[in-house]
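Per-chain numbering from 1; labels A, B and C assigned in written order.
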Amino acid sequence: MEISKMTRLISLVKEKKPLIHHMTNVVTINDCANVTLAIGASPVMATEIKEVEDMIQLADALIINLGTIHDVVFESMLHAGIAANKKGIPVILDPVGVGATSYRTERSMELLEKVKMAIIRGNSSEIHTLIGGTGGTKGVDAGEGSVPSIEIAQQAANAFQCVIGISGKVDVVSNGSKNYFLSNGDERLTRITGTGCMSTSLIGSFSGVTSDYLGAAITGMSIMSLSGERATKHLATDGGIGTYKIKLMDEIYRMNEEVFAKEVKIHEC
Amino acid sequence: MEISKMTRLISLVKEKKPLIHHMTNVVTINDCANVTLAIGASPVMATEIKEVEDMIQLADALIINLGTIHDVVFESMLHAGIAANKKGIPVILDPVGVGATSYRTERSMELLEKVKMAIIRGNSSEIHTLIGGTGGTKGVDAGEGSVPSIEIAQQAANAFQCVIGISGKVDVVSNGSKNYFLSNGDERLTRITGTGCMSTSLIGSFSGVTSDYLGAAITGMSIMSLSGERATKHLATDGGIGTYKIKLMDEIYRMNEEVFAKEVKIHEC
Amino acid sequence: MEISKMTRLISLVKEKKPLIHHMTNVVTINDCANVTLAIGASPVMATEIKEVEDMIQLADALIINLGTIHDVVFESMLHAGIAANKKGIPVILDPVGVGATSYRTERSMELLEKVKMAIIRGNSSEIHTLIGGTGGTKGVDAGEGSVPSIEIAQQAANAFQCVIGISGKVDVVSNGSKNYFLSNGDERLTRITGTGCMSTSLIGSFSGVTSDYLGAAITGMSIMSLSGERATKHLATDGGIGTYKIKLMDEIYRMNEEVFAKEVKIHEC
């Protein structure tokens, strides 16, 4: 993966301002909207089943995030996903908490059967659950699994024929044949809610301007990790996670080609 | 419109602390609650159809925001709106995303048939849609229309016999006979989600203490634009939209008669 | 109540990272998740009735917050509460807005009949309503009652056989026999939305690591009030409630045994 391909995406999203339709959870929905705006794209968040197909006609990508799913919104997600496939725009899945309850696991399986995903991003136990593993998701946080993320990512990429992103201390992205480690980041990213969901919103934003979904996933996840790293530099000694979250959003907003090219740490493996 | 009328509203809302019932979207609901508190009013956000009429009995104004409407909450909105009309408190409509899908357009028309609005605030394509235009709403953001906002505002004010506020680079407020341009603001207001919704919450807060809805709309929209302008002054060179949003809330909280009178830019046209 | 018991809880929650299942309102849900992470616990926020019992099996405590209840989510809350009682984990109730509408009052009574609470935290008019008083809840804010909070707390503690926390200028906590005044705090805590809900999230976090619910309630409420007090020290002269909310979260994140022991103001009465 050449850096120039990714820096090009950073400019392209600001030029094209793709419309990213989010069907997401009510915990981090505001953060998802703001991060989408921060990177230069445009968010919309409709869930009524009677309008999702119309909204898909305007959208450049669809994000489905299972964070607070219930039966009513799940039906709408299915509808939207099928419409997105039909139109040919990418669908990005964030299987929040899958593995924690059988309801979540079953709904995600149903979704994967009926909707073709372009990219799936989650933590290792969520993605492991999708390929039949028992990763021990603890609520919405990753359990400690024994299978390396790289193996999980590659298997899942092959199983669902899509790009897989696994967030962790080191992020992993795979399209089944090529695998990448992304090693920017900061521990504080796990101490605020929504950094995973926001990472998915960034991926979705980039996937709205390219058919190179591998590049979109790497760029989106790297920007979140790199911004999380850079945010610590602006944190005064009295700073806690309140300030950290604000500085993180600032860094995402200010991310540009030069900083990205200079500081991003991506390794093919 | 005399400035003294508006500065009087700034004091009055802090004295009377009106209760502003919001039936709003799940994306910016927290921001709406905080901005209502920041200006000195008191927010409440109930949606269950079995309690909205009771809540209206306690409220001084009702805000209906269509950002994430679905059939269930829409029924409650209708109930609440009719109860508010019966009680004689103002209803303020924020037709978020109207024009983007036929579902939204139809629901807003149904609402306008059954509930008398005191004030409607939106962007130009949303308001244009309400009077039968095709403004080309892109998701929840304004499309680029060919009809000047001033014409749209005046027509809509006459059509719905209420005050219309249109947010844009220059805001426009009309009651059908008198028209005003509000020219404070900053481009960053479009780079964070919820500034439109928060503007409506400010309008709602002022409409809870006066029957001069034209004054309430001008004051609410001006405070948002002026605060957005002032927030940039406190933005360090490393500030992005994360910090900007916080400074914006600070400025709204700190707005007073003196600053408003000195810096607000309102022109009758 | 010895201070050492409480400081022990501050360490224990960071060691054990209890999973706190929230069934809460959509206004402050993001703040509740972040405050739970800030204190060292782990939040989860599922509401679908088909999965709440499964989620309870993973959880260390359940918070039920009535802020934006409706019939569908209320059924799920009942299910979750009964499952939590059966499993033996504490249930913490935040009766937001009870007394404002008969719907809320009736639902809270139904909940109290069917689910045994470990702790209930609210403002004086909400708690007064639960024991049959008419405290005059104004929307979701406390009305001005004539009955002292200490009497209300003690009566409610005996009526529901649980710990009661009442937030106010001075907080009151009672288990029916012992009563405490918590006198840290700052007026600004009432000028941002969610400080009550966040206080409940802190109580829930501590109740996930101890069966001393009196200690959990005092520690959680004191940390909110003390952090609110400390946040003002870091507020620049141009700071408003936007910045205040961020500093508040910072202070909660940075709270430690030493600061707590030195600055907390708790008096048995």
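Brief remarks follow.
Convention: a contact is a pair of C-beta atoms (placed from the backbone, for glycine too) under 8 Å apart; a residue touches a chain by one contact, two chains touch by 3 or more.
As the structure is a prediction and not an experimental result, all values here were calculated from the model.
For the pair chain A and chain C, chains touching both partners: B.
Of all residue numbers used where chain A meets chain B, under half belong to both copies. The two sides are thus made of different residues. Simply put, chain B must spin 120° to overlay its Cα atoms on chain C, rounded in steps of 5. Averaged C-alpha coordinates give centres for chain A and chain B that are 32 Å from one another. Residue positions 26, 30, 245-246 of chain B are each in touch with at least two other chains.
Residues 19, 21, 26, 29-30, 33-34, 37-38, 42-48, 50-51, 54-55, 58-59, 72, 234, 245-254 of chain A touch chain B in their complex. Residues 25-28, 30-31, 67-71, 97, 100-104, 138-141, 191-194, 238-243, 245-246 of chain A are the ones that touch chain C when the two sit in their complex.
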